């Protein structure tokens, strides 16, 4: 269990239930995952987070699958287990193949490695990289 | 200055110079950026890092620009200034537009935000997300 | 299980037991939580950590509940599940309401989000912010 | 310089300028700090971030100064220099004394310390801490 | 379960099985731990990671036990539970005593603490520390 | 400049000056580095931090140089530039060779890399690693 309980449809406020139903409609499934059920303790935060997520992860300049992989990358670097699980699942649902998953992990690992070496060396930023 | 000096071509070992020259050949420029000049104090680590980077960031299942954006995402979450600068520059060189950069930052910000909220809530992973 | 076992009162050294009993006296409960039972493998580290915690989290310029919320914020950013659980429980015990918990998560999420965007942009610090 | 330039009032879009002016009005100063001038390359992200920040950091269940200190705590754990500078300045502007600043740093340091020790010990969460 | 399944010897490719057998030979045990079984979904990444690990953690300028303790320190700061468990076990197998483990945790905690305080203070680097 | 000014000997309290003088005596130099001069705004935090540092980094089960390298490793993973600089300098002063520095960076990079891959895979901890 988390630091708060997971709320059922019967336990949430009307505002939170409306968010749950919007999640269902957009995703085409009756399932509402645990994150939203925990967040429903604060309906305003729930609604703001969901509304923003729809915009950020929706159609735009980057491919939806690419966005999910970037989400996985950030979540991995931050060590958020739930986020890695949920967004890896979302990436697979959007077509990420096993080979792409392997490459994603390879790039994450490479970036982590050089992040560490660069920080240990405290390398000055090249003038050529500055805008 | 960093924790080590930046080595000129004249100061590095033959093994390190060979890496510098491979970087030049692959990138089509005479410029060798500071990271490699700092890393050249350990020619074996320099060579291993460069050889691995070529493989990971080279042709594969993911688009080279996508790989750079994932690299930026990880580097941002880890707070590596040099890495953010160098890989944002690399992404721009591979065609990242200002609009794509904005979306990348939006996804990074969104992921960071929910990473924090999820971790604060300590949400249990849904069974449906587990393999 | 952790990387070390949890020690019972019967298994710990007299120095560690004295710390356990001080924890009990200060908190008004017989329960000693797992962190201290794991840390008791190193009685000196146990004692130093507890003695310092008492000072830092004790009466001072900041309200005890505010201190717990700051503790939760740091622990969340660092991804320490145990710490998020234990200090969220402590905050609740010191009166944190569900509405305050929601706001705390909102601020954490906002800070994480702008931390990511600022780091991705590598914004120079304004002169006006420097002492 | 950052990964993007800082935009002057003359260089930004009307939508971004409207945000700048809202920042000025709310803060009672003509100064718009670098974060917003960098973010103005993406007016939609600028607007969404500012609108959300107003809500999260505005009046609510927690004292505005407490919110700023939580913001500093998260930014410190994430190593965001700009954010530490700007929100420490904001906290001072909202009345944080030198003594409170010292206590804030003490709590951050204490949390970081036990985050590390707990993670190294991999302590299981006590049942009593779970909701 | 993770984001991928753990592969048995019967399920992996010949290239991955060769890595498993090299792990067995080098460690003198038939047991192949979960990390490698998960990574075997991408035989090339598996092989590259293992080959590099052998070099980095093998004989060199630093004592093998010291290398494991450094590995634990990094993994702790990054909040990687699996890595803390596996490398603490490896350190114990290489002779780390309970007293050394306690000191390792003490140093990690001290470093985390001052990392937080220094970052909160945004202390300028002394000229004397720069190369 | 940081979030607070650096205090000269003339500006600090007698309690803080006593800490400065103890630092001088222990290190055999008149130089007091910036961290302590910034921390002197809170003499109690200054004293507690210094007293604890002396114990943790002093004689014990681990070699002083090993402790410094562990300190560098944690500071690198946390992205604390000042800490990386100051403790790398301290490690060099205690005899760390260029070859050892290279190996330290190699281990840090390797750990960062597998931290990322393991977290991305969300590998379950092997029973054999649990105490």
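Each chain gets a letter, A, B, C, D, E and F, in the order it is written, and its residues are counted from 1.
Methods note: a contact is a pair of C-beta atoms (placed from the backbone, for glycine too) under 8 Å apart; a residue touches a chain by one contact, two chains touch by 3 or more.
Only a predicted model underlies this, so the values are computations on that prediction, with no experimental measurement involved.
By the document's definition of touch, common neighbours of chain A and chain D comprise B, C, E, F. Greatest Cα centroid separation from chain E: this falls to D.
With chains reduced to the mean position of their C-alpha atoms, the one farthest from chain A is F. On superposing C-alpha atoms, the copy chain D sits rotated by 120° relative to chain F, to the nearest 5.
Between B-F and B-C, more C-beta contact pairs are found at B-C. Centre-to-centre separation of chain A and chain C, using mean CA positions: 26 Å.
Our note on geometry: chain A versus chain B, Cα centroid distance of 21 Å, whole angstroms.
Along chain B, residues 1-4, 45, 49, 52, 74, 76-81, 84-85, 88-89, 99, 102-106, 108-117, 119-122, 130 each make contact with two or more other chains.
Here chain E touches chain C in the complex through residues 79, 84-85, 88-89, 98-99, 101-103, 105-106, 109, 116, going by the rule given at the top.
Against chain C, in their complex, chain B makes its touches with residues 72, 76-77, 79, 81, 84-85, 88, 104-105, 108-117, 119-122.
Put simply, chain B touches chain F in their complex at residues 3-4, 41-42, 44-45, 49, 74, 78-80.
Interface residues of chain C facing chain D in the complex, by the touch rule stated above, are 1-4, 6, 31, 33-35, 38-39, 45, 49, 52-53, 56-57, 60-62, 66-67, 69-71, 73-78, 80-83, 85-89, 97, 99-100, 102-104, 106-115, 117-126, 128-130. Residues 1-5, 48, 52, 55, 130-131 of chain C are the ones touching chain F in the complex.
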